Amino acid sequence: MGRALAVIIWILTLGSVSLFFVNKWWFPTAISEHAPALDRQFLLTIIVVGLSFAAAQIGLGWMVWKYRDTGSTDRAMYTHGSNRLEVVWTIVTAVIFIGLAVMGQSVWASLRFNDAPAGSFQVEVVAQQFQWNFHYAGKDGVFGRTHPTLIDDSSLNFIGIDEADPSSKDDAVHSVIAIPAGRPVELTLRSKDVIHNFWVPQLRFKQDLVPGMAIKVHFTANTPGKYELACAELCGQLHFKMRSFMLVLPTDEHSELMTLPQDQFQTRMTELLAKYKLPASN
Amino acid sequence: MSGETHDTHGAVHRHEAPTSFIRKYIFSLDHKVIGIQYIILALVAVLVGMTMSVLMRMNLSWPGTNWPILGTLFPGGAPGGMMTPEFYLSLVTMHGTIMVFFVLTTAPQGGFGNYFLPIQIGAEDMAFPVLNMLSFWVTFVGFVVILAAIFFSGAESTVGPIGGWTGYAPLSALPNSGPGQGMGMNLWIISIAIFCVGSLLGALNFITTLLNMRAPGMSLMRMPLTCWAWFTTAVLALLSFPVLLGGGILLLLDRTAGTSFFIPGGLYVSGVLSGTSTNFPIHTGGSPILWQHLFWFFGHPEVYIAILPGMGATSHILSTFARKPVFGYRAMVFAIFAIGLLGFFVWGHHMFISGMSPYSAMTFSILTLSIGVPSAVKTFNWLGTLWGGRIRFTTPMLFAIGFVSLFVAGGITGLVLGQSSLDLPMHDTYFVTAHFHLVMGVASIFGMFAATYFWFPKMFGRMMSERLGRIHFWVTFVGVYCIFVPMHTMGIVGMPRRFAQFTEYEFLATLHPLVVFVSIAAIATVIVQILFYFNLVWSMFKGEKAGPNPWEATTLEWITTSPPPHDNFAGVIPTVYRGPYEFAVPGAPNDFILQTEPEPGTVPATEGTGNGHNGHRH
Amino acid sequence: MSAHAEEHEHFAGSNKLFTSIWVWLVVLTLIEIGLAYKPMSTILMLTILLGLSIIKAALIVAYFMHLKFERLSLILTIVPMLVICICLLFVFFPDSFRSSDLRYKFKESPPAPAESH
Amino acid sequence: MSTEARAVHFPAADWDGGVHPYRVGHRKLGMWLFIVSDSLTFSALLIGYSYLRASNVWPTPFHFNPSILFSSLMTMCLLSSSLTMVFGVSASSRGDWRATRKWILATIFFGLAFLILHLYEWNHLIHEGLTPFALPAQWVTQYTAADGTLPSPLFGATFFAITGLHMFHVFTGAIYLSVVAARVKKLKHEDIEISGLYWHFVDLVWMFVFPLIYIMSVHIEGH
């Protein structure tokens, strides 16, 4: 029995660990500025915990193998433990864990402790059950006034843009987010109804859109292309259908798109969506 | 003045059991009966929860399939046999709620704790028998209400609430935010509130009992680790449930009294602007994050409430069947306490990306990883307990070892999630689902399995079938690894939680084989649980008779008959002379010494440690 | 079970003592009410009020609820865990200020400048 | 006992089992634990109140008459009821159950006075137009912030939720005490003491509700 159990534990450990080596089942290739650091931290953590996982399981297996009751008459060793050991492994694990925690903070700090660099591209995101609305300021770079009383889904004014406001004349609203490559982007995240979450796996980035709050986040996407955008916070029955795309465009293509008036903007978007292909899932 | 002792001490002084069926089995005041009632409640609840999990898996891996039976069973949820997304979500919500509250907060604490804490400290009953009975029946009412929530959702399609077990506002606060969010949501909240009351009544009962009713000689450091675990759990429950209760009251007011504690202004839900319609009154000023704080302030301690009793049982059983004292008893006690204490300092790790202040997030992140330390210490001590033992592989031992394995597997991923930066890609993906199923979904459950197999002889006077038990263990152990380890991979690829289908997204396509594999594993595992239930019922009547101490264990529950008499010790309160895990004592007649066995000379409350005899390394 | 309660029927503290405590409580309350009409910064007022309330609570717990006359061990069991939890609840506040800073302000009148918070 | 109470060290015997380590019976310890738990419920609500108040424009509408006047009277009632209660308890420790009953009845009287005043004051506010979900019209105009932000209706929500829950506690306390008063002859001293604990706790909670909800919302001219 003891041997069998040990072997099973070891097999399960091996199987579990090996799953993490199938690179078709790994992160999609990252496209954002902060991603490499984050991936490095993730890899480090996974290695540390993976090793300790393996160590702990192998140790466990070894114990049950070696110390199984072989029917011999001699008794188990009589000990109540060792204070020195306790102190040692407490300190060791404390160092490892706190160390990991502290190292993990740098990425976080770079993303959250500072405002977006000046001149970053602005998009206002207004999520709703179950669709994304991305509000672009247009040529003048000024967002037109929006007000909930003006919201009217039936006439496709999803975010309640005030047509009377001159600065809203050149604004565009689209369900796809188009951002420039290599230039910092600042999103202002809002929600019309319940909590949603802006999640693009390739960005290694996620943030809740909390109703009543306008949360500002910033990141830089480097590789042009089309990426899937998901809602990652339970927001109701069609949560799983709340999907859209993120277009990362070469700067010239992007600025050209942004200067287009409303109608052309829409058609241009459709073209671009057709032009770019989703990354072949690795 | 010296402490007055229990007047029952010494003199024989029987409490006779009530005779009428009602007083004996239904509204019983006997902590043993109440404990069994709790366990039965958990066993029923877990059946519901498991069934739901199977339905969920079926929907995930074979979306759009027609299951005629479902069509007939849930005409609203699966019209024509095809599950609707809202039905799936209500399954998720109910699965989570029932499993966390009505399985893992009842069986370990209310069930085994109720039955064995008084016996293990040498008391005749809990401190407040009537309160004890009340706690159970209150909890029972809560269970009935939660079941009702599935069927009286108020929406035309009969599904339960779809807000997830965390009930995030405003989704949970707005009746018009989706099907099932009407009456069903109200019932869900009410059920949780009732449950809170039940558990905190239970908690103060536990604490009082343990502090006030220990038998002579049962010093704190002579208590079995199970008692320490139950005690800490009770403290956690006492301090965390009231906060959820407060939050629940506010949420209910938001839904019924038109207040807006958790509802900000200017919302536009399903075509209606707040304030422009009678069924969507004006709301303003509330904060969704406040609900998350209140919920998780309870929520994180809750998860330790779920696992601490399992840890206690594991330590207890490992030592018993390794025939060896627990390695580092004191360290274990400190670890339990540290986990309990730190458990209150880390709730924010569920809210890293919720819009919470990034600075609090950083603090929470560091505190969260430090809570891994006591857990690690416990793991190492479990290994230390096995080290140099003479391990007897009975079924409870198998499950206890399984607990250690699974707890490590689940726990370490917590260290990934605990880093705020790594939580950016990981939050609300199946990586989280994998994490908490391994620790809570199965480690804690394995603790309960171990406890059941271990204490069944004491509870019913008969052994459970070892053969069935072994089969049950092997399949479940392998099964749960197959179910929950692949979920990590899904999470890394980026599969979000609470998705009714994955067919929408291309980057998830590569995962389809895994999804199917998991579902098959899950269904197999769940089916095998039938063995467990059969084993329970069969052994109750047909199992071989068990003596008072079938496992040759040392603690107080083994000095009395199986099952114990109404007053546990036939009227003679035992006196305790030594520590709880005195196995393999050199020179002793047999390799275990009961706690009640006197010894010439006085015994210190706990043995010295590390005094290097028996080839100890130093 | 607790039929065999403690023997010490004697209940420490004289009615004179309790009355004086009561006087103190009344005085503190009057001070609080008086404060209400003193123009001062909200924060200052809040701190003073809470300070006074804590003193009053302490008096009630110590004398009326008799905790002062209980064993130190009981005090150490009950007070710290409560205090710790209550202090922890204060961790909510950064997010309170945050949610008011980040609250989305709908501009009532066009034309409007670029949206800000 | 008093010497016991001052004993700072914990003689091992206290914790070695077979004794009540605090020299306190089950019921009393249980009541203390219940109080700990219950005070956390109130803390949660009060923290929630402060949280929402700090992130909203909050009206400060309480005029001296009636709100502050009444709430102060109510405070006095509760304080006095605590005093009579403690008199009752010490009377029972002297075994003088007549005095005990007398004092407990006095306590109930003050408790009921508190309730009546409180309900009157609620009634007054409701008539002014305060509800859990809306402020009286003139408050809205009066307390709109400089930047045009309206005062938050959460004022009513938090007010009714917290004072309501407290009122409920006073009410149950009064019932509890009347039972005690009725059975005072049969009850042990400790049981009287326990009922006292609960009552003082209700008083204690008010010591925080009063300043936070009332004093902090006093209307000051020229505001």
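Note that the chains take the letters A, B, C and D in the order they are written out, and that residue 1 is the start of every chain.
In this section, a contact is a pair of C-beta atoms (placed from the backbone, for glycine too) under 8 Å apart; a residue touches a chain by one contact, two chains touch by 3 or more.
Quick caveat: nothing in here was measured; it's all calculated off a predicted structure.
K.L.:
A-C versus B-C: which has more C-beta pairs touching?
P.N.:
Higher C-beta contact count between the two pairs: B-C.
K.L.:
In whole angstrom, how far does the Cα centroid of subunit B sit from the Cα centroid of subunit C?
P.N.:
Distance between chain centres, rounded to whole Å: 34 Å.
K.L.:
Nearest whole angstrom, what separates the Cα centre of subunit A from the Cα centre of subunit D?
P.N.:
Computed from C-alpha means, the inter-chain centre distance equals 47 Å.
K.L.:
Would you mind pulling out the distance in Å between where the CA atoms of subunit A average out and where those of subunit C do?
P.N.:
41
K.L.:
Express in whole angstrom the distance between the two chain centres, defined as the mean CA positions of subunit B and subunit D.
P.N.:
Centre-to-centre distance between subunit B and subunit D: 35 Å.
K.L.:
For subunit C, which residues are shared contacts with two or more other chains?
P.N.:
1-2, 6, 8, 77, 81, 85, 89, 92, 95-96, 99, 102-104, 106, 108 - these are the residues of subunit C that touch more than one other chain.
K.L.:
Two-or-more-chain contact residues of subunit B, please, as numbers and ranges.
P.N.:
In subunit B, residues 1, 4, 6, 127-128, 211-213, 239, 243, 264, 266, 286-287, 289-290, 297, 355, 359 touch at least two other chains, as defined above.
K.L.:
Hey, what residues on subunit D touch two or more of the other chains?
P.N.:
In subunit D, the residues touching two or more other chains are 1, 4, 14, 20-27, 29, 33, 36, 40, 43-44, 51-52, 55-56.
K.L.:
Could you please write down every pair of chains that are in touch?
P.N.:
Between chains, contact exists in these pairs: A-B, A-C, B-C, B-D, C-D.
K.L.:
Considering the complex alone, what residue numbers of subunit C touch subunit B?
P.N.:
Contact set of subunit C toward subunit B: 1-2, 4, 6-8, 77, 81, 84-85, 88-89, 91-92, 94-96, 98-99, 102-104, 106.
K.L.:
Note which residues of subunit A are touching subunit C in the complex, please.
P.N.:
Residue list for subunit A touching subunit C: 124, 137, 141-148, 162, 164-167, 188, 190, 212-216.
K.L.:
Under the touch definition given earlier, write down the residues of subunit D that touch subunit C in their complex.
P.N.:
1-2, 4-5, 7-8, 10, 14, 20-27, 29, 32-33, 36, 39-40, 43-44, 47, 50-52, 54-56, 68, 72, 75-76, 79-80, 82-83, 85-87, 89-90, 92-93, 95, 148-149, 188-190, 193, 196-197, 200-201, 203-204, 207-208, 210-212, 215-216, 218, 220
K.L.:
Once bound in the complex, which stretches of subunit D touch subunit B?
P.N.:
Touch list, subunit D to subunit B: 1, 4, 12-27, 29-30, 33-34, 36-38, 40-45, 48, 51-52, 55-56, 131-134, 150, 152-154, 156-158, 161, 165.
K.L.:
In their complex, what parts of subunit B are in touch with subunit C?
P.N.:
The contact residues of subunit B facing subunit C are 1, 4, 6-7, 124-129, 211-213, 235, 239, 243, 264, 266, 287, 289-290, 293, 297, 344-345, 348, 355-357, 359-360.
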